[in-house]
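After this come two complexes, each holding subunit A, first together with subunit B and then together with subunit C.
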Partner chain A sequence: MGKTTKYGQWALHALFLLISAAALLPFLLLVSSSITDEQEIIKSGYSLFPSQISFAAYDYLMKDAEAILRSYGISVAVTVIGTIASLLMISLFAYPISRKDMPFRNGLSFYVFFTMLFNGGLVPTYYVYTQILDLKNTIWALIIPILLLNGFYVLLARTFFATSIPVPVIESAYIDGAGEFRIFFRIVMPLSLPILATIGLFQVIHYWNDWFNALIFVTDSKLFSLQYLLNKILLDIQFLSSSEMGGNQAEMIAALPKESVRMAMAVIGVIPILVSYPFFQKYFVKGLTVGAVKG
Partner chain B sequence: MEQRKTVTTASSKRWQRFRRYLPLMLMVVPGFIYLLINNYLPMLGVIIAFKNVNFAKGILGSDWIGFKNFEFLFKTSDAWIITRNTILYNVVFIVLNFSAAIGAAIVLNEIKNRFMSRFYQSVILLPHLISTVIIGYLVFSLLSMETGFMNKTLLPLFGAEEVPWYSEPGYWPYILTLVSVWKGAGYFCVIFLAAIVGIDHEYYEAATIDGASKWQQIFKITLPLITPVIVIMSLIAIGRIFYSDFGLFYQVPLNAGALTTTTNVIDTYVYRALLNLGDLGMASAAGVYQSLVGFVLVLGSNYIVRKINKDNALF
Partner chain C sequence: MKKGFRMMTALMAVCVTSAAVLTACSTKSNEPAKPSAGGAAQEAKPGSNLPPAELAMAFFTTSSQTQGIAAVQEELSKLTKAKINATVKLVPVSYGSYLQQMNLMQASGEKLDLFVSGLGQYSTQVAQGRLMPLDDLLNKYGSNIKKYVDAPFLDAARINGKLYSIPGIRDLASDRGIAMRKDLIDKYKIDVSKIKTFDDLDAVFKTIKDNEPGVTPLVSYQANSNPADTMLGTKFDNLDDGLGVMALDDSSLKVMNLYDNKFYTDTLNTVRRWYTAGYIPKDAAVTKDNANDLIKAGRAFSYFTTMKPGYAQQASRAAGKEIVTVSFSDPNIVTLNLTRFNWAISNNSKEPERAMMFLDLMYSDKDIINLLAWGIEGKDYVKKSDNMIDYPEGVTASTVQYGLNQGWLFGNQFLSYVFSPDPADLWQQMDKFNKGAIKSKALGFTPDMTSLKTESVAVMNVVNQYKNGLHTGTLDPQSVLPEFNKKLKDAGIDKIIAEKQKQLDEWAKTKKQ
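Showing the complex of A and B:
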């Protein structure tokens, strides 16, 4: 666009620094509250800059680290397995329907598309996974329902395959005697890294942030994912020191620096994203841009 | 490839075609089965809404009761409240999120320093990638009655009284709207920015030569040219106007019972009816109501846009 004056530029930067601050300050509040002395919080509340720094909350969490570490493990496992499985399923479905010569390709595309228009709702979904498939209180309940395959991503991948994989490459590989699976894994997948990275990143976020599946399908505390553990603690701080978490109850509750521990837990939950985000952000921005272009 | 004699009967031709595409068909199988179980099987489950579910008899064996579940649902005051809340919140969210995002995208596009522009994009996108559980914590740290930043630091600064945020439903429409914009505007901003960046520079050069002001350029070039993206995003949002971000309405108000008049939406109602009350019939009636109206809204809004401009329609 045309010229903006130097002062105009400064004004724009000032505006966006304000917006950025609004986006970031709540995180600062969280982190600094977690390292504030408990008495100080009780006296003057959570604050942006701790006046009395104390790592007591983290010490406390270290002492009772078993449940936290387990839920971390669950979340990591669910995220890794879920993301790999869904990338594989999404691309395996999207590739054939991207091929112009594939029989039933329109029917199969509609089969995917319709799932984006209409759904049976929570109750039948709950019923299918608990009564028919009996996934309740298994780790699969965190991986399979709802999250594993999103129709929108299938259509996104289909568009990418159809527009970015040159048909002559596929044909010549076929003539050279390569089977469809070999073509898919050796040629199509390596050429599709941008879309796979995009969808993969979104799936990582979906799985890592999910607590809904745990909320409806899991009652066994051994299977609590990190986000669900956080959810429990936010709604009920006593949960942290309840018998399910282990430890000597009465003593623990008395010694519990409630408010700072709560915030320390949240920091532990959000740190993986805050730390890895700078490395991933350009892919996110690119991925959103891909999604914005009509397929 | 080994050359073979060509057999010309129809059935063997079909066999050859079948063998040729068998591997591709096999690729589709896992996804096909998954969608069947996760999406299509539950669609049949809408019959639950028309049954008096008795677990001893199973779903198929339970007695049909016609529209009784729907009658019960719509006789309660809940039906009106959750419908009103769901629609009003979504309308406000769409309008505010989109205007904030479009404004931010236009301004962001004006920033010359590429590094800073990337930086701002990343920062405003960050809240979108945080789980609603964490957002619940953030809001709690701001609004907690005893220890929150608002009550302990900000309000005293202006000499104002402490406010019992988590027991007064009147504040929540504003709080939830703020949270929604905080969480979502960055996401839409990046999408709209991508559309703006895609606009041909010659339009602006020509306009500048003709002496068009910045405002004229924004209203006469930028906005009309990103309208297709705005329309598509709005269509998707309108199609989902009967659905809500469950986490936002359940997690962020900490599932507080005192707030339900302004925080209960169809999604949270269905969840509570299913898992807290165990009222399978009512929960699925509400679910069917949601799915059906949602479906009609998607088709309807798409139809209208098709009538106005075919290129802007979703399908």
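Showing the complex of A and C:
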């Protein structure tokens, strides 16, 4: 190995160390602020190494543990059900329109493409889901609207099916006597793991991060998702600290560890994504290169 | 074979499109609360000859302790069933999504009879035709509302001469002053009675600055409420958005440019003087800290704020330190005070008469008011004396089931119990305070600036660019104010003021008739 390459190597290492630090430090700051004493934050600001460690924020959240745990459960359930259901929906739509011998495939593809560009807007969406389908204040309101079938992912999956599943494989399965469903579930789906994992990860993140559906379709506090609850707590604190409240309320607000609670909730919110990411990683890399590699 | 495949794939496609619909129709995890059957066996009351009805009543919540709402709804329906043969379905919506939910509920025709209008959207909602005109209903069914809500306050909610919402009876007026830490006042023997004007504060601030290192004499109440805002509030009616204001003591209804006014320049100079002397924190223009937190942490001495009776006790509890207040102005009332949170009847309500009857109860029936304000006696509160209440044994502010604390929202707060430790005569004080307040001559005027939207946005952008800097003293008014004013003129503030003046003159004419 030549000297220049060695220096180059070092320079690269240093660069990537810097980049990782830039990604890690804010998160560490978040974690350490969440365990900093509230008064300490007000006195001397955020710091990586807090001089006054306090778990008051987590204590506060524990007091509201029931609501937070429930919303956690809702978010997990919505993410799991939603991701599986949407993978099924997306591939069930994408596979037929990827087959050259499918009637109306162009029309159906256009239908997907068209909805990516134009939609009815918020009021019609709300009207259909609440008045016709009666989804308001049900768990389905967090799963079905907007998120379940994403046109872009349908087209992504269609491209994968069309380019990476060899037609001869399907034909030979026919000859061996397999029906369409068997071919789809036993041959096409296992061959498509990379794209399914890729879309799956995106959907996990979409479902986990979603607060908009809860904002629009849910008013029952039993069904609040974690992200919406976080959003709501922040807005409530904002409203309460901006208005003058009588008696008991004032005391309650005064006792609230506002800054550190925010941080603590962000920490709690990010854990599942941190945990699930490594499992998707290997498919993720593969999935994104699909389309560039032929044959 | 070929045909079979076609059938199959087509079927798959059909599956996809129909599956969404099917899952949607399957189960509903949560049924809406049924109207309670209780109270049906009540003795004959005037209400019982009316056909039964259900009213949906939407309001916002800012607390997570809303578990008690279902029980309150049941109790409430028992009372209303007996009185007006109607049940009430409470529709609590989180504050953060409230406006959006109301838009959607009304646009999609969801059942909605009564709701809280306002939150800065009152005139917009009226312009969109979403609120029912209330005059006829009020004359027929709202005798108590007319009795309890003072006529000028009711009239203030009129738009183009028509009434669209009913203001609550609560802390409507406000005065401006300073809240200071009592421990430091005592320590340096500051004579609070000698503080009469803002200029008297220099000496106080100097004492604190010189003797208490680490304590800032004056901080902003919160990010968007700077010292100068409070000082200007003693003199001007903002006329909705502050672009074109009117002096409170002006009876000629003249709209003027606040930023081009001598009092404005003087105020900025005062704030600037305090800033350069180090009485205001260096980062005042950008910080998000609020005064209560800073005082609690021992980093600040005082803040300017809008006040009302009982304010000092309340501020003391919020800051965890005893607070004394000095007021620099008489209390005043402007239109915004009266259109902030008002009760309106939705234009698509099927039961407007019954909705008005219920509203009338919300302004006169002590049981209903207290139910909505504080919850259920014995469970959410206990009585300590005739009109004082406290939490029951073992219940605290953070465990109470009905923890809304929004007595000011539900009609007539002055008929509700006083929560200890507030003073027992709090509502009498408040009533006197409201009635004695200086009423802006433009009380009831709400401008409609939609025709000048471009100019409004442009001018607002300029204001946002300079306001925090100037109002905290961070920027030197001598050099920056002319530049600020030039940009405002370029952005079209004169057009806005002219339009506002025109609308105000027209409003004044309709008011005299």
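Keep this in mind: the second predicted complex is superposed on the first by the 220 of 295 C-alpha atoms of A that agree within 3 Å, B and C clash if a C-alpha of one lies under 4 Å from a C-alpha of the other, contacts with A are read in each partner's own complex, and residues count from 1 in each chain.
By definition in this document, a contact is a pair of C-beta atoms (placed from the backbone, for glycine too) under 8 Å apart; a residue touches a chain by one contact, two chains touch by 3 or more.
Here the structure is a predicted model, which means the values were calculated and not measured.
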A:118 touches, of subunit B and subunit C: first, second, both or neither? first
First (subunit B), second (subunit C), both or neither touched by A:208: first
Partner chain in contact with A:42 - subunit B first, subunit C second, else both or neither: both
Greater residue coverage of subunit A in the superposed arrangement, subunit B or subunit C: B
Subunit B versus subunit C as contact partner of A:177, first or second or both or neither: first
Contacts of A:148 with subunit B and subunit C, given as first, second, both or neither: both
Which superposed partner A:16 touches (first subunit B, second subunit C, both, neither): first
First, second, both or neither for A:216, with subunit B first and subunit C second: both
Which of subunit B and subunit C A:26 touches, first, second, both or neither: first
First (subunit B), second (subunit C), both or neither touched by A:263: first
Touching both subunit C and subunit B, counted on subunit A across the two superposed complexes: 42, 89, 92-93, 95-97, 99, 102-103, 108, 122-123, 126-127, 133, 144, 148-149, 179-181, 184, 216, 231, 235
Residues of subunit B touching subunit A in the complex: 1, 17, 21, 23-25, 27-28, 30-32, 34-35, 37-46, 48, 59, 104, 107-113, 116, 118-127, 129-134, 136-138, 140-142, 144, 146-149, 151-153, 182, 186-187, 190-191, 194-195, 204, 207-208, 214, 217, 222, 228-229, 232, 239, 246-247, 251, 254-255, 267, 270-271, 274-275, 280, 283-284, 286-288, 290-291, 294-295, 298-299, 315
Subunit B contact footprint on subunit A (complex, rising order): 1-4, 8-9, 12-13, 15-16, 19-20, 22-24, 26-27, 29-30, 33, 41-42, 44-48, 88-90, 92-93, 95-97, 99, 102-103, 108, 111-113, 115, 117-128, 132-133, 144-146, 148-149, 151, 154, 175, 177, 179-181, 184, 205, 208-212, 216, 227-228, 230-231, 234-235, 259, 262-263, 266, 269-270, 273, 277-278, 281-282, 284-285, 288-289, 291-294
Contact footprint of subunit A on subunit C as seen in their complex: 1-2, 4-6, 8-10, 12-13, 15-16, 19-21, 23-25, 27-30, 32, 62-64, 66-67, 91-97, 100-101, 103-104, 107-110, 171, 222, 289-290, 292-294, 296-297, 299, 306, 308, 310-311, 314-315, 317-320, 391, 397-398, 405, 407-408, 419-422, 426
Touch list for subunit A against partner subunit C, complex: 39, 42-43, 63-64, 67, 85, 89, 92-93, 95-97, 99, 101-104, 108, 122-123, 126-127, 129-131, 133-135, 137-140, 144, 148-149, 174, 179-181, 184, 215-216, 219-223, 231-233, 235-236, 239-242, 244-254, 258
